[in-house]
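Think of it as A, B, C and D in the order they're written, each chain with its own count starting at 1.
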Amino acid sequence: MKKHQENLDKWYKDNGWEYWSPHEMLASLVEEVGELSRLVNHIYGPKKKKDTEAKQEMEGEIGDILYSVMCFANHEGIDLDKAIERSMGKVEKRDKDRF
Amino acid sequence: MKKHQENLDKWYKDNGWEYWSPHEMLASLVEEVGELSRLVNHIYGPKKKKDTEAKQEMEGEIGDILYSVMCFANHEGIDLDKAIERSMGKVEKRDKDRF
Amino acid sequence: MKKHQENLDKWYKDNGWEYWSPHEMLASLVEEVGELSRLVNHIYGPKKKKDTEAKQEMEGEIGDILYSVMCFANHEGIDLDKAIERSMGKVEKRDKDRF
Amino acid sequence: MKKHQENLDKWYKDNGWEYWSPHEMLASLVEEVGELSRLVNHIYGPKKKKDTEAKQEMEGEIGDILYSVMCFANHEGIDLDKAIERSMGKVEKRDKDRF
């Protein structure tokens, strides 16, 4: 993720942009998660129509969520690779304690 | 709310519809919350353009959220008036304990 | 809903409180929807354990969501009964057009 | 991200786990976004108390969101690096068209 995060930062700097406020970025993330929800209901929902086009859309929605998360993380100075490893370690630990 | 909930139930029955599964209704609620988020960023967000049309859209988005919540509540047999009173009581209590 | 909305407004005024900003209220709503999600996965999710306690918790989570929506609506001057009727009318219309 | 995604897949296979259903994973993602919302309100919200501990918690919440997204993506066969690049390209393009 480091490379993606650096690209994003460089790109914002090159364009003279600033990240939005945390609340604004959060709202943007929620909007993207809402679009993913629509798609999940569309593909796996009540009517269960397997739509290839919708399936491809999913990559787009997931990418938009990650873009929102990356903006947020860069604004907060969070290293996403470290964050992922920490969360995976937590699940792993919780799982070990269970057995 | 009781009247709204009964209307909804009657309407579903009259049409021979069934409520979706809880996960499907939840996804639908999240989609609506995502649309509200988009609107909040649009009206109060980075550009802060006061758009009267967008302002009116808000009533629509809020109504869609309530519609999702009502479907969910009817499926689960939850009395929304009771639920509201309970939540307001909780905040009130928390507040009293503070002073 | 009108009565609930008026109660809420009166209560805020009596306590000298002000509603949060739209972005802050939205974040609060998303937090409550997140708690409902946890509960839906708990009750209907992978392990499908029917937990009566969890089932009762649901009324609480739904109430918290409605409380967030009511704060938001009061801040924006939205009449929730009108919003519900409009959303139900929209679904009804969409449905009629389908057949 | 490729390495993280492969680690996750290997780890699930080694443990004989299966990914949850898309709706269940979505609910889980929404739960994590809800926790991030709570934190954003806590740090940047009405009271604006800068809590160092809360600030560190944010890395944890962001990591949990990415974990949810990665499970979802692996289940759907989505390459996250590709998804990120596509989303960044889209914003870039939208931006170029604007000027």
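Going forward, a residue touches a chain if its C-beta (ideal position, glycine included) is under 8 Å from a C-beta of that chain, and two chains touch if they have at least 3 such contacts.
Because the structure is a prediction, the values reported are computed rather than measured.
Chain pairs A-D and A-B differ in how many C-beta pairs they share in contact, with the greater number at A-D. Counted by residue number, the contact pairs of B-C are over half the same as those of A-D, the matching pair from A-D, A-C or C-D. Chain centres here are Cα averages; for subunit A and subunit B they lie 25 Å apart. Centre-to-centre separation of subunit A and subunit D, using mean CA positions: 4 Å. Chain contacts: subunit B has residues 21, 23-24, 26-27, 30, 33, 37, 40, 45 touching two or more partner chains. Note for the complex: subunit C touches subunit D at residues 20, 24, 27-28, 30-35, 37-38, 40-41, 45-46. Partner subunit C is touched in their complex by these residues of subunit B: 1, 4, 7-8, 11, 15, 21-23, 26, 29-30, 33, 36-37, 40, 43-45, 55, 58-60, 62-67, 69-70, 72-73, 76, 78-88, 90-92, 95. Taken together, the subunit B residues at the contact with subunit D in this complex read 21, 23-24, 26-27, 30.
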